[in-house]
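You will see chain A twice below: alongside chain B first, and alongside chain C after that.
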Partner chain A sequence: MNKLIAMPHPIKTLFLVMAFFASSVFSAVTYAEDEKQEIVVITNANNPVEKLEKRQIIDLFMGKYIAFSDGRAAAPMDLDEESEIKSKFYKKLVGMPLARVNAYWSRIKFTGRATPPIAVNSIEEIDKMLSEQGNVVAYIYASQVTDKMKVVYRFD
Partner chain B sequence: MIKRVGIAVRLAFFIILAALGIAYTASEVFYQITYDSEIEDAERDIKELFQTVSSTASIAAFVEDEELVKEVVNGLVKSKKIKAAAFTSDKITYAANAEQLAGLTSQEFIIFNPFIQEEVIAKLKIYPDLNFIQKEAKNISSGNSLALYILAVFVTIAAIIICFYLITRPLVYVSRNLHDIEPGTNARLLIPKNQGNSEITGLIQDTNHLLTKVEEQFIKERGLRKEIEFLEQRFRMLFENARAPIVLLATDGEVILHNEAFELLLEKIGVDYDKSDVAFGELLVDLFEEPQDLVKSVEEAFARDEFATGEHKLKSFKEHVQVWVQVVVSPIEAENNKKFYQVTLNDISRRREELEALAKEAEYDALTGILNRNGGEKVIEKALFDKKAFALVLLDLNGFKQVNDVYGHDAGDEVLVFVAEQLKNTLRKQDIPVRWGGDEFVLLLQVDEFHRQTTTLIMDKVMEQIKQPFYFGENNEEVYIGFSAGVSFYPLTTNNMNKLLKLADVAMYEAKQFKHTNPEKYLFFADK
Partner chain C sequence: MKKFMTKKTFKCFLLFTCYLLLSSTAFADELKVSGFGTIVATISDSQQYAFRNDMSQNDGAKKDEIELQTLSNLGLQLNYSFNEKWDAVGQFVYREQEPSDLDSLTQLAFIRYKPTPNWHFRVGRTALDIFQFSEVRDVNIAYPWVKVPTEVYGLIPNRNADGVDVSYISLFENFTMTSKLFYGKTKSDFSSGSYEPIRFENLVGASILVESFDWRLGFRLSQGKAQNNTIPSLLVVDAIKSAEMLWPGASEFANDVDITGKVVQYASVYASTFAGPLEISAEMAYVNSDSIAISDISNGFFNISYPFDAHTFYFKYSFADTDEYYFSEPVLSRELLAPLIFAVEEVGSTFSHNQNSLSFGWRWDFSETLAFKLQYERTKVDARGGGLRLREGYVTEGDSQAVNTVFAAMSFSF
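Let's turn to the complex of A and B:
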């Protein structure tokens, strides 16, 4: 049965090479903006929720509970695939590359039990959602925080 | 040929036995090993199955998706090795084949939060289908065992065939060959084909070498035996056909071997014996008249380290047979240190008789049996030589001539024989009568210091005997014979024989004067 999950050698090697490239690319990109480009999780400034635990953020973004601890529904916002911040965010949150996060969603989506975050294209759209809905939860660079937002979690 | 218990059969039997033993043991061990490893494999397989579903299960637990949980659990129990599975988290509990769960052993797996490490969010219990696993393990093990047995069978057959061609057949061939070979002949073992330079070839070569040696030995021994037989024949011939009786004595003197000549000797002296027995078995000395003499002479000779030789008289059981033998006794030592005596008994009776006869003829008077003049002279010479005192009586018969003339020589001879008889009867043992010639006699009388008296006494007795009348002729006429005698003494008269005779003769003639006138004075002593 071992053989069933053991990958054939060439494929395994390919994976390793790909992983190496991916990691080197990310480290190169993130290195320059690492300090100042801090990612924070924000919600509406008027949201009574002051702070979120990491696990609460995981539950929200990975589709377990679309609600705050007080029972109010939450609306997690996800940026589109290509954005740099998205992959950084998930890396920091669940330690997974985007590909795996996507695979996760494709695996559970069809059961209908879990709902992925609402996908938006830009920070402007998040701004717009903030004014429309009072329960937005989104991730942005710390430099992008405005008055309408309240930081509820910082990645150390 | 003796039927041997086939080495091929025995070899095959033991090979099969060994193969079966090895196959049995090996299959038992392999069975157990395979079985254990199969069981282990099954456990690992279950772990792997869990690994396969663990990420799905983890996601299902995280999002509390019961459908996904069902999918995972039902997927697991589709495996033949898994009998049942049960999923438990805070929100969801699901079990497949739950009705069979009671009392079954299970493996429990922990399901972590897919995003937060080490946060346990659910547990999955998997119940292996032990029956199936064991059955499977048994099947595989049995298969392995069967394969082993089949392998063993083939190896055994191969071993038997190889042994048969390489060892058994050549050995049996050699054994049969050797059995048929008669030792001492020029028959040899043949080397079976395809043996090359193997030990069997060596064995055959060595055996052939031995056979050659045995043959040589046989030939040598046969030659020796022939030689010995030839010699024995010769010796037997020599012994058997010897004219002289030869016997072999044991140390105690018993005759243990004798030849034909000895048998003839026994027959000659009339000894009964068992002819079928070569040993004779009696003591040789018992055949002799004076065994002590023989024993003594033999002992003396041996003491001097000489052969014992001597002339001895045998006992005789037949009348008028006297046998003298020259006995030669020599000690023999046989190879085994046994001692024997070889005795040769030469029959010398005839020679002795002849010698005796010859001696008698020369010294004795054929008619009267007493010494003749020749013998008498020798006796006188010997007496003179010994310086033994004696009286010499010269005696001349009176009336003999008339008897001879009137009644013939036979009557005269009768008178002479009679006189000689009377002399022999009357004289003492130590006195010797001699017929001196014609009607003359000489008497040698042993005398002491009273020589005249003694002589007179003896002569008177002689006269008494001779005076008896003879009866001759058809009318039995009475005839009287008398004598006149002269005496000389040695050494008293003289020590010369001729003088003694002469003086006695003179004295006798003196007496003759009185033969008619005074026959009483018939005896005169010689004066010096």
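Let's turn to the complex of A and C:
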């Protein structure tokens, strides 16, 4: 940093412009990488449900109606509050940051109306729950889908 | 600045210890432990009309005092799932309540049966659902404000009902509709100096909540039959009955003042929607009864919130409007009955709330489960209409006054 301060003025300006340009390109590449990480909603491959509407996913993950359209109870699963995908998922689903999702859930949970989705820490845990329960619904990156899973919704 | 009493600190510690123990038991898979809490500092500039959260509170934020108890609370909730169709919920909330025993701490204690995802049956203690935010009034992190509007929620301190309810969820193309019926009993304290609960039985109510994700409509109707008077009302009723010689028809009037056996009705309409970046919500409510002691009250609020990333800015207007009560019965001598007339007017004015508040506030969610809130509120209290505030002196002697109150809150959930 001291060397930068000591540089002649035109060279310093050029250096700063290049650094800004480089960081912009890096940000754009990173952003593009993130965008490639498509989020999908999955269930057990043996679940008769083939497709869910966005409205149904909102109902499931926001505690309004926690069942499939045929009346079978569903078991939505959430990822740990620190995970990046959770934040992206709710932003795409309801356009809210996690703090507002939590405020919303506080209204539902602390009146005893419904319990929030089961929270797990990793994709492995979702995989395990999926093997045990046919009614699990979860969100993961498209690249993480396995043979045991069935994609029932893709975000545009 | 007031300090939390040792006994109160101990109760908070006890709730937290229960949380630690329960969350580490072998039942952890079926038992979910969660909770919420808030610490609020309140400063008001009026000695005559101190701030209190609802009519049950005997203490409040007075002039030149940083008050910490009126709105602060701590809640612990246990959810136990027996299987897909049966579960149980217990919730214990510690706040400034009187008495502070197990019955008072227990906000929820019910068993639920869900034969299908559409039908929910609950038996036990559930949150009283008479206005839109009645069920979550103590869950501070659940709403943008530092407190629910006092003009709507402060006049009914009742938090829960013991009984049964049934809900049915109907699915439509673009919205869901939840219909609910409940039956039970409830009680709450309305006095300002001691614990004198009024019990309501045959509490029956119905609600319909129609909602999509970005809009919501709620309709509620309920009523309950009062089982007893407060001690001041009882004394006044007895005094009126004994004044028959100077007051023809006193017994009949005493019956109008007496709330025992009287039905109190509550109605509420709520709506909220998003308009671009703004969230707009409003509630109109109405309370009426056959007794002079519980006046017919129109109240409501209007709110605009602007959520921006982790911040929410809001503006809120709330009001309670009642006809002032003045004694107008034909008596033989007003002079001789002056003390009694004064007492009747006091009883008739205790629930005659006339005030409105303008509030501005900011909520900052600096994590998913932690929020800071700051709210300024200017309340205009009309003469004889200050029953919602903690007063010095009688309601009927209260002047018209504008009161400024500032709240700073830290809310959390776990």
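Everything that follows uses one rule, which is that the second predicted complex is superposed on the first by the 123 of 156 C-alpha atoms of A that agree within 3 Å, B and C clash if a C-alpha of one lies under 4 Å from a C-alpha of the other, contacts with A are read in each partner's own complex, and residues count from 1 in each chain.
FYI, contacts are C-beta pairs under 8 Å (C-beta built on N, C-alpha and C of every residue); 3 or more make two chains touch, one makes a residue touch a chain.
Since the structure is predicted, the reported quantities are computational estimates derived from the model, not experimental observations.
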Clash or fit, chain B versus chain C on superposed chain A: clash
More chain A residues in contact [chain B versus chain C]: C
Partner chain(s) touched by A:Ala99 [first = chain B, second = chain C, both, neither]: second
Touching partner for A:Gly71 - first (chain B), second (chain C), both, neither: second
Chain B versus chain C as contact partner of A:Lys109, first or second or both or neither: second
Which superposed partner A:Arg55 touches (first chain B, second chain C, both, neither): both
Doubly contacted residues of chain A, that is, touched by chain B and again by chain C: 55, 58, 62, 64, 94, 104, 107, 111
Of chain A, residues touching chain B in the complex: 1-2, 4-5, 54-55, 58, 62-64, 93-96, 104, 107-108, 111, 113-114
Chain B - residues contacting chain A, complex: 44-45, 48-49, 51-52, 56, 59-60, 62-68, 114-116
Complex contacts: residues of chain A adjacent to chain C: 55, 58-59, 62, 64-67, 71, 73, 81, 94, 97-104, 106-107, 109-112, 115
Residues on chain C engaged by chain A in the complex (per definition of touch): 32, 34, 36, 75, 77, 79, 81, 84, 87, 89, 91, 108, 110, 112, 116-118, 122, 126-127, 135-136, 139, 141-144, 169, 171, 174, 176, 211, 213, 307, 309-310, 365, 367-369, 371, 413
